[in-house]
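Both complexes shown next keep chain A, but they swap its partner, so chain B is in the first and chain C is in the second.
For the complex of A and B:
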């Protein structure tokens, strides 16, 4: 395991007794094909949170679900002190595990499928996961927890990570500013569709699919309109500059 | 109370020390034992260095002298904020088991270390009884100092918990809890006590032994430095300037409060202490997917004057 100069500096700055802890799990800030990422949660945390999720349909995203999950996993009532943010950690666990499990839920054997179609399938699959795990009826509670001031940064980070994951799995290889605009727009679309899904009573979430299609269509139309407008503005600006030059202004 | 430097005697009534050219016979310890032998291990007692086996007795002397007006002094030194800290400490732990239709109530066993006057124990029992409707949870109040335990007994004597047998008192050294069985305690708490221990790591290991798998270790303690440098300077002026002065005026005991602020200074930082807790085998809470090492293993209170450290024993 090689250390970059920055990592080496950090290691040398920690007291000697704590260095083994720092060197335990080298975590890269980027995705690597060669090295598998270590699991996001410790075994104890994962055990309690996964069994607590099974109680969410009945109890909701609450401290009670955490307590029941802790008892099921072989811990005590008091062990929920492992989760200082309480029920929000349950929400975050669901978000993280579903995001990381997305690549296992859906594969694209058909290479001719366009990136847009793949994005649509991935978003629908992720929404279906909400229903499969049984949390969709309680998802409004989760959204309320996510909107609390102390939880907003974490929630937004998770949303952007999900958006990035979906574009990556769809095969996006853009290297310009559209990388950012694509992810930002998909974050907005996904959030809106997820909220819509919590009120959807149709069979198989057909209404949610149509909602998503309308949003993607809007994006396509709007994206084209914004691009065209910027091009027009660019031409106008260039024409103005050339006009002034022809009149003798030194610009 | 400093027996090492100036010759003199201590008046047992008002605890003022007097300089004297004649060494009085009231001096507690003979002069020879004050000198540390070359090969003996030493530790810190405030800013002094003492032999390890002497620290416990000197701490005992400090707390014997502060026991009777411990609460008043706490209020004056922290301007009443210590009540908020202790309330938050207990609420965040949430002791007590909510009774459900199916389960039989068993109650939790809480061990409060260095909890002589019963501050934390009382709050724990109140929280469990009134908020979680748990009438079975019990607390063992343990302290190395019998005077502090005496204050605790006094406080509980009129409470319903004493009558219901939900509180018991135990005189013990936290580094050697022989009276407590292994894996028998749900919640081990120590509030403003652990900086006085001679061997903190040993106390942490004892905590690990007596806790049940899944049990929680919780520690509320002062931190040596604040996060904000400017506020830290102001805080240190208050600590070293005002607190021993208040001790002298209110309790006629400057030295004990001088020891107190010095012992805070010598306590490890929040990060180091979290590392010690992890080393004892505990899992630190708040270690989410992005957290590395021990960065999030504690909670700062009032800009870092005090901190709550927690650890969970793996199942």
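For the complex of A and C:
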């Protein structure tokens, strides 16, 4: 749905709290295979934000980058009023487009690769995307914007959406409690690795790769320890019940 | 001098300043109406499956849908499948916990319990696959339901054959009504799509087919339980009342959380 000048005026005249109602996007809960998801941004917004991203290496995640992007895309300076949160909307655009583009950047033809190895590849690919789009040098600004109080809910939502996307693309099919623990732990690991990447000066981000490997190893060891302990407790409980049954207790 | 007399009618309460533009006012009323309509989706239905509508598209392979499902429909499917998976988890754990004490006291029940468990395990596998495929999150109360179902199965198994069968009867009655409601809702969608001339799509058609099969098997378990003297359980009303209320509460919580 392209934005005519009249529709843009209607959007700008609606109070900011009601603008989401004009742009009803369904919450991504039930993923249908018969239909592709509608694009997350309308054409005009996407045009402004994508051209603004090209100015980020020079200007950083700032209102200036948005203004230059709007002018570049052929809109007036005032069009940046479409983005009431200013530079944070630019950060969010980068996060959303990189998350949705992850499945196109990497495919797994080799079926023998385990889920853990695929998760590692996906995380590295997503981090490489930060470098490829040129925002990695300015990412500390983005992290600062994401940590502002009014932006924290959106940032956390994006992080958990990315974690869910990575596990889905890695072929994880577990739908028990581990669904939550896997996503929570991967969110933590990804956030830590992304922060580390902003300080990484090595060639090809080799230090970041090793950082990620250490975190994944810790996760594997911790998860294994917890799982083994629970299994031991289960065996002890089962043995106690069987012992009592063998003594004739009717349970 | 009329303003000195006491008022007999209430003053109309107008806002001092109209803060909303006409468009904004329309949007607000539209969402308010949409929110009040949202409560009308079917959660459970005690009506017999024989009176269900049978749209033609249920039995003919469908071309791909051109229209995406609405946000409300996706939300309904999300909640419904989450609750169904939680229900099947509970069922498998109840049978796993009931079987040892029950078959020790009544060895002739072993084939029946095995058959019912196998069917529930199949349902559980089906819903696990559906949740993973459609990226629906499982209920966060998963470990709590694991514990509750194990305790329920264990206590009713220890209480005796009639109590175990009464537990099965209560759970299957609730689950059966719940599946009935869901099947009716989905069939209503299909009838609506046929009326509008939209394609129903293979995804929805196969989903409805699967749910009807599972619903039929659950009602078959209900019949088995009643045949095996479920109604002869000693605190029958109390037991089935408590279990049915617990099931309804669990369904309500799993939809939200």
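Worth pointing out:
Definition applied: the second predicted complex is superposed on the first by the 200 of 251 C-alpha atoms of A that agree within 3 Å, B and C clash if a C-alpha of one lies under 4 Å from a C-alpha of the other, contacts with A are read in each partner's own complex, and residues count from 1 in each chain.
In this section, a contact is a pair of C-beta atoms (placed from the backbone, for glycine too) under 8 Å apart; a residue touches a chain by one contact, two chains touch by 3 or more.
Worth saying up front: this structure is predicted, and the values here are computed from it rather than measured.
By the touch criterion stated above, A:110 is placed in contact with neither chain B nor chain C. Legend: residue contacts after superposition of the two complexes on their common chain; A:150 is shown touching neither chain B nor chain C. In the superposition on chain A, A:176 makes contact with chain C only, while chain B stays out of contact range. Residues common to the contacts of chain A with chain B and with chain C across the two structures: 14-15, 18, 21-22, 24, 27.
For chain A in complex with chain B, the residues that touch the partner chain are 14-15, 17-18, 21-22, 24-25, 27, 40-42, 44-45, 63-64, 67, 70, 73-85, 89, 92, 96.
Residue ranges of chain C in contact with chain A, taken from their complex: 19-21, 23-24, 27-28, 30-31, 64-65, 68-71, 74-75, 77-78, 81, 85, 100-101, 128-129, 131-138, 140, 142-143, 154, 158, 201-203.
Touching chain A in their complex are the following residues of chain B: 92-95, 97-98, 108, 186-187, 212-216, 218, 271-272, 275-276, 278-279, 283, 285-289, 292-294, 299, 310, 312, 314-315. The touching residues of chain A, counted against chain C in their complex, run 10, 13-15, 18, 21-22, 24, 26-35, 38, 164, 168, 172-177, 179-180, 245, 250-251.
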